[in-house]
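The structures considered in this document are given below.
The following pair of complexes shares a single chain, subunit A, combined with subunit B in the former and subunit C in the latter.
Moving on, here comes the complex of A and B:
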């Protein structure tokens, strides 16, 4: 009994960390540009296809292919920002969101044309053999992915809160006008954020897809990252870890205990219920920036 | 000559003419005050010099602005900050969610090394000791006066030669205004040039050597600060004093101000 519970909870938590990782890409972009990127999952897919192309397609060894994949993903992020968003700084949230939806459709189209619709095997980057502790069975890719997610969150938090470059980006995240008046290049900050967001998505793709198969359906992970980001509060990177774990455990338990009773899908819609609930009771999430009103 | 504003015209959104042939000059190490009623074009003047108007759809359409002999009109804010020309915007725009010290670190983003940043932060704390006490506090929760000190300190981090400061006294209690202007006087002593936009004419003219009065996008009067202070029109409409030296009620002055034209 308890073993079963732990199995659901621990695996849920690890999957939650993966959501958190994908959400990090989303939040990095949102902070800098205030673009609510609905195409975040598509960035994961693009990252996935780049990795697939370099490893299984071109036959490069992984230690060579992965850094190269990051580089290509960075270029993709940069190009997207230049082409679609650089002209939109200061435009309404609505028009930005519309552009991200357009981007989503566009990327799907391009992926389909370039890579075709067939299911591809994804390289096994993490060992497949699960780790078994008592009744708990943990896939190694999830475990390493979870650890990696935590490390990346800590690194990003440190970068944005402690380093000079990171603080500069945080400043432009907080207020474009103020940052600009200090001579900070807001454009550069936003471009850097898209580059980072795109690379993080590729890391997410590697963990999520390792040893599985790759189609554009993988983009659905981007949609679950959304409620995680909202739960954390859109500006907090460290908060994503906690939010991811909460979301993952809740989902894991619901899938384990509720889905068999009601015949499925409670687990997959629960995150969105939580999201709507959060938006009602605490729109800034657990750790987001509250508006400071001083009179 | 440190700053030379030569016959400058500014147009917003390609149609709204806001500055009409503005001329000003200032020497290195000096302090000038720009006075004028609401909507006169004071903020626009600062924004034209610092380059911020670009981000507000404004443009210098004729004339020129020179800083230390180089054209700075229609240049990017980044390049102007790098030249040592920094604009402290009105409204005490702190980075709300950051601590005081991190605000300062960001202000020093143009400096070359982290060591240099540390050094300058210490300098700022020496100049504005209150900020040292507040270093770990979140900027958004500081009082108005403290926030004003912070934005001044943050500007200092960029190692400026000229600070353009917009209405530093706005909405502050008289004691705080005094504090802030004391800091501005200290800055002057350290050799930094100051361009102050103020509605608090008294306070501004006390620090400044020279003053300009702006109305409807034109300079309508200028002179040595002490001369302006004695000038009857300035006394009446900006200092709120009539010939007998009595302070008029704010409402009277305000009412007058709207009708009075300086050209005449």
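Moving on, here comes the complex of A and C:
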């Protein structure tokens, strides 16, 4: 009984950390450019397909393919920034949101044209054999992914709060015009944000997809990660870890105990109810900046 | 905008306020109206089917235009609101066998209530936070339909409807339904023109342009935002009801986030803040959609290496590309460009 509970809770927490990792892509882009990127899930898919292409398509060993995949993902992020967002510095929120939604659909179309709609096997980067502690089964990819998520969160948190470059990027998220007049290059900041967001998404893709199959539908994780980003508050990177664990445990327990009663998918919709609740009650999330205009 | 064609002078206020100000505008409207009435006689069944879908979507897009274009509230849940309307209309029609002229308005009311709940979140949040709430509306709608008891909304099987009937006449064929849809759509569009020119419509525009300033002028900003959602969702619900009676089959797959994005694309292309713009957007986007659907299979047959998924993929690329290009290069849409051309024609040869 207690073992079952621990199983749901621990696996939930680890999946929550994976969501936190994907949500980190959102937050990094938001924190450095004030663009809320709805196309995050598509970046995960692009990252996944790049890894698939390099490992299974080109036959490169993984220790060589993964760094190369990061480089390619960085280029993708940079190209997106050049093509779309460099022209939108200082534009309204509506324009930014709409461009990211346009981008979501555009990238999905391009992925379909380039890689097709077939289901592809994704390389097994982490060993498939789960770690067993007592009654608890832990998939290795999730365990390493969780550890990786915590490390990346700490590193990014340090970068944005302590280093000069990080603070400059934070300034451009506050207000494009003010940042420009302080001599900060908003374009550079947005470009850096997209490069980082794209690379983080690729890491997320590797952990999420390792040993599973890959189609363009994997982008759903982008929407699943939205509630986590919102619970943490859109500016807080460290808070994502806590928010991810909370959301993951809640979801894991709901899947374990509520789904058999109600007949399915409570676990998958609960985060969205929580999201709506947060939006009504505390739109800044747990750790966000309290600058939301309430007019 | 305020420029009238040369030689048009107003002698009383009612003339000044009129939407249609010259004889030629009346004439072109009349020609357009007659053309619309003749569509079932002029074209084949495929075009009539396309026209029906365009008319239904026009109702929904005009509603979104009021919420997003006039009141400035981003709404990515319009398809969910449409779905609520479709399911409500379908439910009361099948369970209580109500006639369509009650069930479609009921669908509108139900959608308006659903939209109002999510519009209330505008009390506390704005911008993309609002977009998030409307996306959540989309997911919650999907979840609710699939998980409520099958006897209510049919779950994943969907709902099947009898055709709409009036005094024993059944709107079974595409061309008979065309007239029903056209009448309802005309009423809704005239209503939309009325709303945006009324006190409420002006309040919407004021809130869109600056909510702090408009609250200083005595506008209740929260109520205005919520009622913008109410009105927009009502239009979506009416469109959904029409959809239910046209397709006579309602399922959740017809009302996805992807469909909501299509509606947003329509008003971006047509021009935000213009009812006519919404109609033009619906026409153009649906036209592109139909062209891709009909050309796609031919292309993939001619070049087999492209594969059969090309239609869906090409649709995605075109839709996404159109949204990005318009937001970046023509953010005010085609209507705005048209108005500039019209003005510069009227004041020619002066540049400004």
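Everything that follows uses one rule, which is that the second predicted complex is superposed on the first by the 291 of 295 C-alpha atoms of A that agree within 3 Å, B and C clash if a C-alpha of one lies under 4 Å from a C-alpha of the other, contacts with A are read in each partner's own complex, and residues count from 1 in each chain.
One rule holds in what follows: a contact is a pair of C-beta atoms (placed from the backbone, for glycine too) under 8 Å apart; a residue touches a chain by one contact, two chains touch by 3 or more.
Because the structure is a prediction, the values reported are computed rather than measured.
K.L.:
Once chain A of both complexes is superposed, is A:117 in touch with subunit B (first), subunit C (second), both, or neither?
P.N.:
In the superposition, A:117 touches subunit C alone.
K.L.:
Is A:177 in contact with subunit B, with subunit C, with both, or with neither (first, second, both, neither)?
P.N.:
first
K.L.:
Can A:185 be said to touch subunit B (first), subunit C (second), both, or neither?
P.N.:
First partner only.
K.L.:
Tell me which partner touches more residues of subunit A in the superposed arrangement, subunit B or subunit C.
P.N.:
Looking at subunit A, the partner in contact with more of its residues is C.
K.L.:
After superposition on the shared chain, which partner residues are touched by A:164: those of subunit B (first), subunit C (second), both, or neither?
P.N.:
Once the two structures are laid over each other on A, A:164 reaches subunit B alone.
K.L.:
Tell me which partner A:97 touches in the superposition: subunit B (first), subunit C (second), both or neither.
P.N.:
A:97 contacts subunit C only, not subunit B.
K.L.:
Determine, under the contact definition given at the top, whether A:212 touches first (subunit B), second (subunit C), both, or neither.
P.N.:
neither
K.L.:
Which partner does A:275 reach: the first (subunit B), the second (subunit C), both, or neither?
P.N.:
second
K.L.:
Jot down the residues of subunit A that show up as touching in both complexes, subunit B in one and subunit C in the other.
P.N.:
292, 294
K.L.:
Under the touch definition given earlier, write down the residues of subunit B that touch subunit A in their complex.
P.N.:
Where subunit B meets subunit A, its residues are 50, 52, 55, 77-78, 80-82, 86-89, 93-98, 102, 105-110, 114, 117, 140-141, 144, 154, 158.
K.L.:
Flag every residue of subunit A that touches subunit B in the complex, lowest number first.
P.N.:
By the definition above, subunit A touches subunit B via 161, 164, 167-168, 170-171, 174-175, 177-185, 235, 289, 292, 294.
K.L.:
Within their complex, state which residues of subunit A touch subunit C.
P.N.:
Contacts found on subunit A: 36, 38, 84, 87-88, 91, 93-99, 101-110, 112-113, 116-117, 223, 226, 230, 262-266, 268-269, 272-273, 275-276, 279-280, 283, 292-295.
K.L.:
Within their complex, state which residues of subunit C touch subunit A.
P.N.:
Where subunit C meets subunit A, its residues are 72, 74, 76, 121, 123-129, 131-133, 135-136, 139-140, 143, 146-147, 211-212, 215, 221, 258, 261, 264-265, 268, 306-307, 309-310, 312-324, 327-328, 331.
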